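Below are two complexes that have subunit A in common, paired first with subunit B and then with subunit C.
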Partner chain A sequence: MKKTLRSKAFFTAAAWPVSLVVFFPIFWMLISGFKTEVEAVSTPPRLVFRPTLENYAAVWQRADYVGHAVNSVLISFGSTLLALAFALPAAYAMAFFPTRRTKSTLLWMLSTKMLPPVGVLVPIYLLFRDLGLLDKRLGLLSVYTLINLPIVVWMLFTFFKEVPREVLEAARMDGAGPRHEILNLLLPLSLPGIVSTALLAVILSWNEAFWSLNLTAAKAAPLTAFMASFSSPEGLFWAKLSAASTMAIAPIVVFGWLSQRQLVRGLTFGAVK
Partner chain B sequence: MATVRLRDIRKSFGGVEVIKGVDLDIADRELAVVVGPSGCGKSTLLRLVAGLEEISSGDLWIDGVRVNDVPPAKRGLAMVFQSYALYPHMSVADNLGFSLRLAGVPKETRLLKVREAARILQIEPLLGRKPKELSGGERQRVAIGRAIVRNPKVFLFDEPLSNLDAALRVQMRFEIMRLHEELRATMLYVTHDQVEAMTMADVIVVLNGGLIEQVGTPLDLYHHPRNLFVAGFIGSPRMNFVPATVMRVGGGGVSVTLAGGATIEVPAASDRLRPGESVTLGARPEHLSLGGAGSFQGEALVVERLGSATFVHVAVEGGAMLTVQAGDDHPVRLHDRVSVKVNGETAHLFDAAGLTVAAIKGNRQEKNK
Partner chain C sequence: MTASSDSSRSAAPGRKSRRNPRTLPFLLPSLVVLFLWAVVPLVMTIWFSFERYNLLNPAQRGFARFENYRFLLSDPGLARALVNTFVLVGGVLAITVVFGTLLAVLFDQPFFGRGIARVLVIAPFFVMPTVSALIWKNMLMDPVNGVFGFLMRSAGLSPIDWFSKAPLAAIVIIVAWQWLPFALLILLTALQSLDPETRESARMDGAGPFAMFSFIILPHLRRAIGVVVMIETIFLLTIFAEIFVTTAGGPGLASTNLAFLIYRFALLEFDIGGASAGGILAIVLANIAAIFLMRTISRNLET
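So, the complex of A and B:
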């Protein structure tokens, strides 16, 4: 009892500095966006200042936030839905009808994530150029679908593994084909898992910068490109960059916050036995 | 209702053959219980009949139709799983009606059938609940109800009572027998519990190592086990086995010398045996008695008083343990020196290969019928 209390105290004490370190840059970005450019780079850094909205106004005026945001939403949600559409049946088959190759297939899928993206940049760029996919939403959407697919399949596979096999067999005896098995049983039974998988895929797609910066320019560019456009060309404007970054991550942070609550509720969903 | 017929059914997983050629006929409206030790393939056999596993070779007929390639739902079967396998996110009513919903049965008919099944199993008050709000026994009823609603040709039970406590198990055993009576359905029931098999079955199928050892009525198996395995598996407490040597063959049967030195006469057909051959003598606890000039001397190591009878476990010379059924008021006490008498008339004899040496016609085995 005493020991658990002490270890609890230890973990709490250790967690605070770690979270502060992790959260500090975000916090700094958040307040820098409300400073003037001079205040933002002043030494020593200022914690007390008069907040201003001028950076937000300038960013709003200089770049098309809404356009980029729409691209981000369409591409990240679209690629997530598409990845789920491929991954659900794949994970179903792997979890409930495994063959001798299933495990190695899963490992191989994951191994593709170990390849540095820049290694295939040139071929993909050329492919996109020839297919006319450069600076197209469809292009980015398909790349994101493919790069997230291994993770999505893996996560769904893990969640499906937890669904009792006999429940699906009972359904099969009751006359359910694969479609009914998936729609009436697997989806409702593993909903929390599917939701968290989708959430992760959306966040990964939303934050992906390498491919979005290399394969899009203006029309299909998501918020990562919007953010990047405030970083280099005319010297660094820290306050405006912070404001733009805050605007870029705000939707996904809010989305994550909301769905996380949903998720916790989902995870307490009915026990099987 | 329907018959089930298995012909040389085999099943391999990877390179390992689990079911090694099973022939079995289950008659219409019969309750057949497949019993065997764990790992004998009995659940696999049931899953092959259900269609949840693919048959490697052999033929399976249900109601006169070969169904090897028919999907599970089209075979006209319903299965009750050991873990109940209820749909956790659906109410009891939806669990019961799921198969009908899939089959496109109109809602009114569905409700009627669900009500009817709920009435038979006395679970009407539970229809609105979720599985997690039910006790083990209630879940088991719902699982059986789900099978009833489908009005199947054959019911399959996969160790349905294993997850219940002892009292509930006895009660559900009666319920299933009552159901069998009421529904007049063919049932195939798998269990590792030979008491369940003895009490419920019209016919018992003893499975061991993927092969059928014997098929017969409970009493047939009890009195005429075909080999050592069946003799040891059926009956509780189990049959006592004593090594013996054939002394003399012919006349009224076989005379054997037991490990302790005593000689007894067993009325078995003797043509297969020769003097000097090693055999095993089998005697059920109720066919042994304490006292008198017995065949064995030993010490009473455990005395179990059940009220209706007393089981005395005797360590005899030579290290063997014998279980003797004595009367409820037998005065034997722990560590008493006792002598155990073997009744040759009721004893079984098994040859070196473990096969029963057939009893002579007209002897005790027939009298027991």
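So, the complex of A and C:
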């Protein structure tokens, strides 16, 4: 017992400093958002200061910040719902009625995820221009639906596979119709899986920054693209950058923490168990 | 697959029929939209890459044969962009795999506050790329007012002007910080599937911590490390946002990678043919990693 306590203390002393170093940039951003602009750039860096909410007020009062935040919410949640609408039936069919082609179908879907976006930038840009989808929320929403669809199908498929067959078969024996089977058994049983799939899709869409930078501008830009406007600022801006960044990442970091256990499944397509 | 299952018409789970017409309507919407998304633009890119096509001069369109490829290969920027791409991918891979493995071993041990420490360490993965790049560029790496500069001056060194002197190294550090949690999460998951009895019996045989790491843990992690390398390679080959907000590829071409070069061809010089030829090059490079990744996924996939 004594030995395990000592080893526990040793690993505590080893792991915590590393964790704090890795987290430091986020911590620094967090506290700089509550400094004045002058305090934010002061050297030596300040750890003690009187917190102010003026940066949050300033960022929030910029009408465009709220607009871009709304864009982020609409685009990431909208694309997630749409991807689920496409993926739920597909994953259901492949998990419960597999055919010889199921495996190759799944693999083909995953392989579309490996196409580098920059390889199709030109045709997508031109198509969007001709269809009038440039700088439109609908345009980015459909892109995100499609880039996340393979991951969503894949995750739902693995969650459906884990639903015990005996339960479904017992219900079928009792004369349950397919509608009853899906609504009253399958959905409740796999709801945690569906929720964590949705969380991952929201996270990935919220943070996507290739298509948002290339396909949107002043009107439809989500926060990823809006934040890029801080790369050519005027005057002191670190405190405001910190406040805007904190607001932009806070909801999604919380989502990430909630879904961390299911994340590996979605991000590696089951290649690591 | 036996012949009998071919003739099976039942859709009972567990038995596989060759074709199940009832499931096609469920699958078709996903298949059609993914086809439109992935295959159609891909064919268009291939087509454009053989065309003479500049948006500034759209009347002069025509078949260019290999002209775009010849132009691309003779562009002095290409060699630089390819080298930068490999440095970026290689640098980030080295950092994330080495530190990810060490951190995974550390986080596999019980210690006080492990849950909270884990939450802190994986947080960078959820920060949007434009935000993390800007925070690092300004508040940490700025030579005058940044935290790193302060630390270096306190240590009696002169601060590094990261983005004019070592822009690529700066980007490698930022991207590695973002992807370290990814490597950690995957390697930790893999480590937790290591059979405790294997570990115990190695300990019985007198294996010390170092022998345990090199003969038990590392071999067990080999495949997971392979997966991390392949997935990161696919995504890191086309890093874009971090370059876009920090250096815009400069100074000169010092931090231009393949993705940024293509972006410049397409949206700044409007050279559709040249950008498409570059796009094909990017696709070919990504496919090299993708082939290995698909093989691993396929091996683990049970339908």
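Here is the rule we go by: the second predicted complex is superposed on the first by the 197 of 273 C-alpha atoms of A that agree within 3 Å, B and C clash if a C-alpha of one lies under 4 Å from a C-alpha of the other, contacts with A are read in each partner's own complex, and residues count from 1 in each chain.
Note that in this section a contact is a pair of C-beta atoms (placed from the backbone, for glycine too) under 8 Å apart; a residue touches a chain by one contact, two chains touch by 3 or more.
The shown structure was predicted, so the numbers you read here are calculated from the model rather than taken from an experiment.
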Going by the contact rule set out at the top, does A:F159 touch subunit B (first), subunit C (second), both, or neither? neither
Partner chain in contact with A:V167 - subunit B first, subunit C second, else both or neither: first
If you stack the two complexes on chain A, which partner ends up touching A:L107: first (subunit B), second (subunit C), both, or neither? second
Which holds for A:H180: it touches subunit B only (first), subunit C only (second), both, or neither? first
Could you look at A:P116 and tell me whether it touches subunit B, subunit C, both or neither (first, second, both, neither)? second
Per-residue touch tally on subunit A - higher for subunit B or for subunit C: C
After lining up the shared chain so the two structures overlap, which partner does A:V22 touch, if you call subunit B first and subunit C second: first, second, both or neither? second
Touch test for A:P150: subunit B only (first), subunit C only (second), both, or neither? second
Once the two structures are superposed, pull the subunit A residues common to the subunit B and subunit C interfaces. 269-273
Using the touch rule from the top, collect the residues of subunit A that touch subunit C in their complex. 4, 7-9, 11-12, 14-16, 18-20, 22-23, 25-26, 28-29, 32, 40-45, 86-87, 89-90, 92-94, 96-103, 105-107, 109-112, 114-127, 145-147, 149-150, 153, 161, 165, 168, 203, 206-207, 209-210, 213-214, 223-225, 227-228, 230-231, 238, 241-242, 245, 248-249, 252-253, 255-257, 260, 263-264, 267-273
Sites on subunit A touched by subunit B in the complex: 164, 166-167, 169-176, 180, 184-185, 188-189, 269-273
Residue ranges of subunit C touching subunit A (in the complex, touch as defined): 1, 11, 13-14, 16-20, 22-23, 25-27, 29-31, 33-34, 37-38, 40-42, 44-45, 48, 103, 106-107, 109-114, 117-132, 134-140, 144-145, 147, 149-150, 154, 177, 180-182, 185-186, 189-190, 193, 223-224, 227, 231, 234, 237-238, 240-241, 244-246, 258-259, 262-263, 266-267, 272, 275-276, 278-280, 282-283, 285-287, 289-290, 293-294, 296-298, 300-303
Which residues of subunit B touch subunit A in the complex? 50, 52, 71-73, 77-79, 81-83, 85-89, 98-99, 102-103, 130-132, 146, 150
